[in-house]
Amino acid sequence: MKKLINKPDDVVAEALLGIEAAHPDLKVDHPNRVIYRADSPVAGKVGLISGGGSGHEPLHGGFVGMGMLDAACAGQVFTSPTPDQMLAATKLVDGGKGVLHIVKNYTGDVLNFEMGAELAAAESGVEVATVVTNDDVAVKDSLYTAGRRGVGVTVLVEKIAGAAAEEGRALSEVAAIARKVNESGRSMGMALTSGTVPAAGEPTFQLGEDEIEIGIGIHGEPGRRREKLTSAAEIGEKLVEPIIDDLPFRSGDEVLAFVNGMGGTPLIELYVMYNEVARILAGHGIGIARSLVGSYITSLDMAGCSVTLLKLDEELLKLWDAPVKTPALRWGI
Amino acid sequence: MKKLINKPDDVVAEALLGIEAAHPDLKVDHPNRVIYRADSPVAGKVGLISGGGSGHEPLHGGFVGMGMLDAACAGQVFTSPTPDQMLAATKLVDGGKGVLHIVKNYTGDVLNFEMGAELAAAESGVEVATVVTNDDVAVKDSLYTAGRRGVGVTVLVEKIAGAAAEEGRALSEVAAIARKVNESGRSMGMALTSGTVPAAGEPTFQLGEDEIEIGIGIHGEPGRRREKLTSAAEIGEKLVEPIIDDLPFRSGDEVLAFVNGMGGTPLIELYVMYNEVARILAGHGIGIARSLVGSYITSLDMAGCSVTLLKLDEELLKLWDAPVKTPALRWGI
Amino acid sequence: MSLDRLQEWIIRFALEIEEHKDHLTRLDSAIGDADHGINMDRGMKAVLAKIEAEPPASVEALFKAAGMTLVSSVGGASGPLYGTFFLRFGMAGGETESLSADHLAKAFRSGLDGVVARGKAEAGDKTMFDALAPALEALEAGLDQGVGLAEALKAAAIAAAAGRDATIPMLARKGRASYLVERSVGHQDPGATSAALLIQVAAATLT
Amino acid sequence: MSLDRLQEWIIRFALEIEEHKDHLTRLDSAIGDADHGINMDRGMKAVLAKIEAEPPASVEALFKAAGMTLVSSVGGASGPLYGTFFLRFGMAGGETESLSADHLAKAFRSGLDGVVARGKAEAGDKTMFDALAPALEALEAGLDQGVGLAEALKAAAIAAAAGRDATIPMLARKGRASYLVERSVGHQDPGATSAALLIQVAAATLT
């Protein structure tokens, strides 16, 4: 394992120190591992918190700031934060209009956030609403299972719901927008190589020099299938076509196209992939109204990418374009 | 080699297609491989162009936009662009106040830009000034050699000179600011692993599982020495101390601290490194007024990082904070 | 059943988890994310530290301490699930210094209900439920038949082990393993494995 | 020396470069960035295509076409350096269809001056200059002594090869190899190696 770290067990705590030192607009509650807006709570605004295992940076801490999250709870690497963290974050950001919990759909995250919300209700009476993201089309959807994983759409939910909250909308409205984004977005990812969890010291899974995993999860969960390494053009099709089929996206739709790097893949390759995604969408008559290219929801040093498409309407477009000021996404201010 | 590409020879051309598709504010002259502001030339503004081998993304194309570069010339991977590209870019962005060429100090880049400037003078009479960046303290400075390499400070030169140009300053003033930034900044990098040039198909160099290269160049040029893999804390010292000694930076100085990823290193590790850099600077009584953490000048999929420190004064601080709107750096607009 | 014996149960469960840590993690690496042993060991070590620092004075205090500590130290799915199990167990146990056999079974039932309320697992979903539920049934049946607590717990341990083994051919419908669909078949569920340890230790300790 | 022969020189240089492509790249991988063979081959292939598409009608046209094409297709340090060499060579050669031996030497001198003007290399810097400069001296000396062009070029080729070999113990002061300081010692300079090929081909062709 080759990493820029000290002791594996200290990675999360030290990264939080680094985030705090680098971004004066953010503060960190170190005992609770909560990154929050320095101006929290923002009175008269619904608070937005999210969180999850570490190792997906900039998700979630890099999305804390004006127009997006009010706080993010950092778990151990690939391990959900615990309910007391969500309680602390909820109390920190409650500006009197309630708090929205944005949760990626993994059993651990869902259960821990649920208990966090219960604690918050019991202890402080803060009104909490929860939105669970589950956009990963690699997993078969079903009422009787844990369901689909939450992946790339989470970034878009945080941005768009954050903008709605900034407008002063009520908790129920912000939650409704967040749900709408989740329902209008789909994702699929792939891996060229496995990431390495610092405490494990070895790659989570093994892929041959000519193998890729299609439908990978952001914790290295196995995907739909293992295949031979192929061209960006073909990989693009393997990711985009199932996404289009699933929602389904239709000719004439306008989308936000998000090509995401998994952590170990450089930008030049993401642009090559974006070119393929744009080509495939054009072939379907789907227009790209907005785009996002970069490593925004990662899996440590895994090489690979994911594609997320979000169907846009005027409301979502306006909220996407609204000002945002976070370490990882910033515009309009 | 595992990469998200089609044919190795097509990587640069296809990445340019991707950049063009993803960023409506940019246009691409494909035959000349020039990325330029869609609103070029900006009348009454000094034009800024830079360029270099591809494989360092987002440098330079990701820094084209309001408040930074007007155009970037993309060479083959790790190979300087050719003079005709610089000529094309210079003509595209000349708004009547002359054009500044920002060149990283590598013989190939310097000579090709020099010929490009000569062609521009001969063909179109555009006034061209050139600033060469050479901030890499890993290389011994000398009048009698090719001198130091231009690395991290190039990003800061492009941002700060871009802001000066946006204010309407004259070519000589913009060039002077650019030189001041170069003279006030120093960098040093290290590699955990080698990158792989697509056309080569194999890592440029080999490092053992427990080896690192201190003082690496952004094309995989060997550094000062090969060492045993060690902690982020010690790596921080090996990078920061030589930088401090070289300028030298002194107690009481205010700096911009820039921790840069080499392409294959995820953000969580860069924050761990930033924490170390902040600690070391504090120990020297050096204040951090601004920071930048992320992968901004990369070496394909190389894992590793570099540190750049820029001594700030009021003028540089103001220009750094000025609005910028590019794919990779954006604020204030 | 004295508070001391109940505390011994928790302590010995922690030791068993430590001993089986790598095994549990290995099971989780096949169909999950390779952390169940790490999660449980981190949690149970925290529980040991907690009850050593503040020795609990009642059944409720003991199991609440265990539950709360698991919830606040694990983070995985198993944290809230085991945490809820112990919290509910403690609440049903009450502010007392000992438990009758029937009261113990009631507390167990209450804990399992908590697991289901939280995780919505059903029989055959390939989770800890598939070890805990048959164990509780065996315990209740034994007590109903008047075989005595020791015998009933022995039957419960055997049922838990059988339930654990029965997860092998199951297709997972809950937790991370569900992403694998067919590929989850043929692997033993890690949570059912740790749950079987809990009952096994109960049979060995609560006599 | 007829235009045809001069064009033959360029064509055979391109073929030699293709043949030595991997060798040149390997030399560059030791002290540079592993692309000198790739760079020169890309450039010379473009030159061949250029002069095939638009057969040059004069010495100036031939060498300007070669120089411009190298400049616009190589990108590395060698592009502007070889490009300038040929451009200056062509300008000194002039709008003529043949070159005398003395005129050829003057054109060579002019090309080398161009390389120095651009790259600021001095003798011993471990660059292409260290092969080209001794070659030119040998050529001029031979012509001065009246040995005839063929003999003088043979001497030049020997001097270029010696100059190339002499780069091995040198410590690089120009180009990428200079970053290596002491570690550049013991390696043959790739640019000097391709330059020696150019002179060797001249000796074999311009007779």
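Going by the order they are written in, the chains are A, B, C and D; count residues from 1 in each one.
Criterion: contacts are C-beta pairs under 8 Å (C-beta built on N, C-alpha and C of every residue); 3 or more make two chains touch, one makes a residue touch a chain.
Small disclaimer: the values here were computed from a predicted structure and weren't measured.
Steps from chain C to chain D, minimised over paths through touching chains, total 3.
Taking the mean of C-alpha positions as each chain's centre, the chain lying farthest from the centre of chain A is D. Chain A and chain B, compared by their mean Cα positions, are separated by 29 Å.
In this assembly, the C-alpha centroid of chain B lies 56 Å from the C-alpha centroid of chain C.
Between chain A and chain C, the centres computed from C-alpha atoms are 32 Å apart. In chain C, no position touches at least two other chains. Shared contact sites, meaning residues of chain A that touch two or more other chains, are absent.
Under the stated contact rule, the graph of chain-to-chain touches is a line, running from one end chain to the other without closing. Contact between chains, per the stated criterion, is found for A-B, A-C, B-D.
The touching residues of chain A, when paired with chain B in their complex, are 2-6, 11, 14-19, 21-23, 54-55, 57-58, 62, 192-193, 209, 212, 229, 231-233, 235, 263-275, 278, 288, 291, 293, 295, 298, 300-301, 303-305, 325, 327, 330-333. Residue ranges on chain B touching chain D, taken from their complex, read 53, 75-76, 78-84, 106-108, 111-112, 114-115, 139-140, 142, 144-147, 149, 197, 199-200, 204, 217, 219-222.
Residue ranges on chain C touching chain A, taken from their complex, read 33-35, 38-39, 71-81, 83-84, 118-119, 172-176, 178-181, 183.
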